[in-house]
Amino acid sequence: MSCTADDVVAALRAGADVVAAHRGELVEMDREIGDADHGENMDRGFRAVMAKLDTSSPDTPAAALKLAATVLISSVGGASGPLYGTALLRAASAAGDAAELDGPAVAALLQSGLDGVVARGHAELGDKTMVDVLVPAAEAAGNAAEGGQDSAGVLRSAAQAAQEAAENTRPLVARKGRASYLGERSAGHVDPGARSTALLLGAFAESAGVRS
Amino acid sequence: MSCTADDVVAALRAGADVVAAHRGELVEMDREIGDADHGENMDRGFRAVMAKLDTSSPDTPAAALKLAATVLISSVGGASGPLYGTALLRAASAAGDAAELDGPAVAALLQSGLDGVVARGHAELGDKTMVDVLVPAAEAAGNAAEGGQDSAGVLRSAAQAAQEAAENTRPLVARKGRASYLGERSAGHVDPGARSTALLLGAFAESAGVRS
Amino acid sequence: MCSANTPFRGKEALGLKKIINDPATVVQDALRGLAAAHPDLLRLRADPPVVVRADAPVRGQVAVVSGGGSGHEPLHTGFVGPGMLDAAVPGPVFTSPTPDAVQAAIGEVDGGAGVLLLVKNYTGDVLNFETAAELAEADGIEVRTVLVDDDVAVRDSTHTAGRRGVGATVLVEKIAGAAAARGADVRRCAELAQRVVAQARSMGMALTAPTVPHVGEPSFELGAQEVEIGIGIHGEPGRSREPLGSAEEVVRRLLDPVLQDLPFETGDEVLLYTNSMGGTPQMELYLAHGIAERVLAEHGLTVRRRLVGPFTTSLEMQGMSLTLLKLDQELVDLWDSPVHTAALRW
Amino acid sequence: MCSANTPFRGKEALGLKKIINDPATVVQDALRGLAAAHPDLLRLRADPPVVVRADAPVRGQVAVVSGGGSGHEPLHTGFVGPGMLDAAVPGPVFTSPTPDAVQAAIGEVDGGAGVLLLVKNYTGDVLNFETAAELAEADGIEVRTVLVDDDVAVRDSTHTAGRRGVGATVLVEKIAGAAAARGADVRRCAELAQRVVAQARSMGMALTAPTVPHVGEPSFELGAQEVEIGIGIHGEPGRSREPLGSAEEVVRRLLDPVLQDLPFETGDEVLLYTNSMGGTPQMELYLAHGIAERVLAEHGLTVRRRLVGPFTTSLEMQGMSLTLLKLDQELVDLWDSPVHTAALRW
């Protein structure tokens, strides 16, 4: 199976649902090592994306991704808004005007998204940010695509890697983002942005799996 | 026995001790229906009186009372400072230049003090103030003096009446002083100024009893 | 000696969570900081402490003096300076200053044109300032006293202590100070102050209680969603305890009795003073102010002047009060006159 | 739709003890009150909300714009007006505004002489303002950005997010605004702002935590006598937890790292800014200020200018920060230049 514009929209809806369901958890995680708004920010952003999708129907995957990107940038604020926004913008560029995305295309999208986040936020692996999830997720996606998986399979692999990678941020000492102000005291907590990335990838994969 | 300048000074010392010992209680009583400073105010004032007595030795009862009055006025602040100060000033005037005070003289002093408080604060019986203690105390003192008691006996009668009168302020609704702002909610608490008056009269009586 | 038996309870013993050294010296320590911060505006006369305008006495000009217990800052010390107070007399926390402190203040600022005492109507303040006025008059200084009693939370009656002075105090100090700066005589300054008192009404509420340093525990206890309506500014409990409700409800509960009391009428022009009790953040205060402006517009009142901020506080207490002053052109002009103090400046 | 599954948690559900109507609209509601209170100074552009100087754009003058998450009031909205900010962009509570809000602000105030963006150094603010600057430049507006990063509680390094912007922000806004009002070009305004950043250092502490309206519980928990040293202004926990100690100890714990960092040296002239985090009453703040003046004198520093008050706050958080700015005559002159805003005026 390949991934159409409708599939991307469905994935975004699944993303909005998972963010809404985990809003409190993400706020609490950010309260521990940040400023207690990550769940609020993400929820505000994804609600805005949903509201926008009520009145517009993007006709390519790229258009859907770009819509989400611009709405997130103009509604989230905070660090995560521009970072997720950039990731989706870059993914949209990578999707070009294709009507459907196959496994390798989805893997390439993820890699582009990751590159966008790094270009914007300058975080390295181990800085305890969403990058710590995106790197192994993009790598797993690439491997799955090389192994001949379709778009749903690629997303499944990315989501699995992401799940574990988010948990692996727990022992790290943050060097980027607000948690870095805590120094050593940031260790012992999962990074909220890492967690939301894993949640989103999980929701995307599940949505793709159901529809495929 | 009659009451000399030294006896007045000893009574003031006993007053300072009882105020210091009940400082917290008076603060707590004032916290309930006032602004939580009556114990603090009285303690500050009586410490100042003691400090003054370290360097001066009044040679008549009137001089001792006047010393206490002026120090209280210039160190207590709040409502109780001018009221106790005025009471002692009036008592000093009533004492004239007598070297010793007999029973009737002590009773007259108490009445003068009460008159001063009423002149200054315009409180009536039942307004839930120190007046509610001073009125029965002065009356008991007058009766005791008429009954032939000496100064110690007069003070003992005043103190006994005061003790009961303070407790009797509990059900009253305050109409003067800070507790009046509470309206009906002031009922159910003993008035702190009534309590400090009873404590002071008790200490004066005990001091007189010991020395006589 | 008694002092040996009762060593002063220090900050640690009280478990006080405050940025202070010693509850016994907190007022003086804060005054030293105030004087250090504003050497151009004021100076500190020590023992009894009085905050005096730097260039006092101003010859030939009425001196305006106020004071009262500490813990309401910037009231009164933050209002010392040209166009407002010539001196402020800070008592201990929530306790009136003594007559000799007030007398010292009068002595520092009397410029030969008389002294106006602005006194919040609390028994302690009234009695202590009264004595000081008598002493100063005995020294040949012309003294007038105006009592401020604007708090509609307290039922007024000749048989009670009367209403408390709260928010209107700042307005009275500003307007009387402006009149003095313009050369009005002491009688006229007192008349204007009296007019502000007559035309101003206030009502306050608290979400939390203040903790007086020497007491060490909150002045009253409130439930998680309970507020004190009709709170004073001394940590004295309010008139009633009620559930918090929305900001809209809070503002209406404060404004309704204020509007009825004077009464304020359609077409009146007013000054609206939205005051934080200290701990309420600016976000909540402006939010409440916006609602109050809307409610007054509903009543056909025109808000011509505003004051929003923590000006009449009760230590760290969270809560707010609303004060309405009926304006006329003369009061507007006096309000607009220049003022240069630590807390109000234009 | 997801919104049906997660109805916004209202004030009652959260058990919030705040004077607000709804956590979802608290920022807008407060801005409406601000605009109602200061019609002469500023106006509110709605959706995205931007607070704009009443007479903007000022033709031919550099426009100075700042912003960031709400909850730090009067920062930044209280500093909009002649001599300081042309616009402030308030984000949600403790959350950076979005690029389109910043872009809207730039559009409202650009007077043809370029726009200076003053941005506190937090990843979110940096990224969102950066995007806005790119968008404005694409529209042909000359934009310069100066990052404020004065918090010595955060160790600086190229491998981290860098230092936070805290107290110095007010000083930068005042001085850059004064330069713009005097007709300096945008390059020069940016240079001056940069110089203030380079010469300013801050350190803060908290006695209590703020409660973000949409969160409903305090941002961190502290023991009865515990304080957070090196606190930020977003409810993010500080660098370490320590026993409170005396005010003297508190002030030294804040000043020592500040003094060492620049370093400040004997003979330096400085501006000392003693800031309340919101809930700390003025009495404690001035008390701490007085100690700080004394400690600086011990180090041979001359305090030439002061600012004392709640200007860089974190909702109702109790605590304080100290900021030291090394002065030269040019900075003193710019500091002294007229300013007319809701929160600073002279």
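The chains carry the letters A, B, C and D, assigned in the order they are written, with residues numbered from 1 in each.
In this section, a residue touches a chain if its C-beta (ideal position, glycine included) is under 8 Å from a C-beta of that chain, and two chains touch if they have at least 3 such contacts.
If you're wondering where the values come from, they're calculated on a predicted model, not measured in any experiment.
Asks: Moving only to chains each one touches, count the minimum steps from subunit A until you reach subunit C.
Replies: Graph distance in the chain contact network comes out at 2.
Asks: What is the distance, in whole Å, between the centres of subunit C and subunit D, each centre taken as the mean of its C-alpha atoms?
Replies: 29
Asks: Taking each chain's centre as the mean position of its Cα atoms, how many Å separate subunit A from subunit D?
Replies: 31
Asks: Roughly how far is subunit B from subunit D, centre to centre by C-alpha average, rounded to an integer in Å?
Replies: So the centre of subunit B lies 55 Å away from the centre of subunit D.
Asks: Which subunit D residues reach two or more other chains?
Replies: 93
Asks: So which stretches of subunit B touch two or more other chains?
Replies: none
Asks: Taking all chains into account, which pairs touch?
Replies: The set of touching chain pairs is A-D, B-C, C-D.
Asks: Please give the residue numbers of subunit D that touch subunit C in the complex, ascending.
Replies: 11-12, 15, 17-22, 26-27, 29-38, 70-71, 73-74, 78, 93, 207-208, 224-225, 244, 246-248, 250, 274, 278-291, 293-294, 306, 308, 310, 313, 315-316, 318, 320, 342, 345-346
Asks: Hey, which residues of subunit C end up touching subunit B in the complex?
Replies: Touch list, subunit C to subunit B: 1-3, 5-6, 48, 69, 91-100, 122-124, 127-128, 130-131, 153-155, 159-161, 164, 212, 214-215, 217, 219-220, 230, 232, 234-237, 239.
Asks: Which residues of subunit A touch subunit D once you look at their complex with the stated criterion?
Replies: Subunit A reaches subunit D through residues 13, 16-17, 19-21, 23, 27, 31, 33-37, 40-41, 43-44, 46-47, 50, 73-83, 120-121, 124, 175-178, 180-183, 185.
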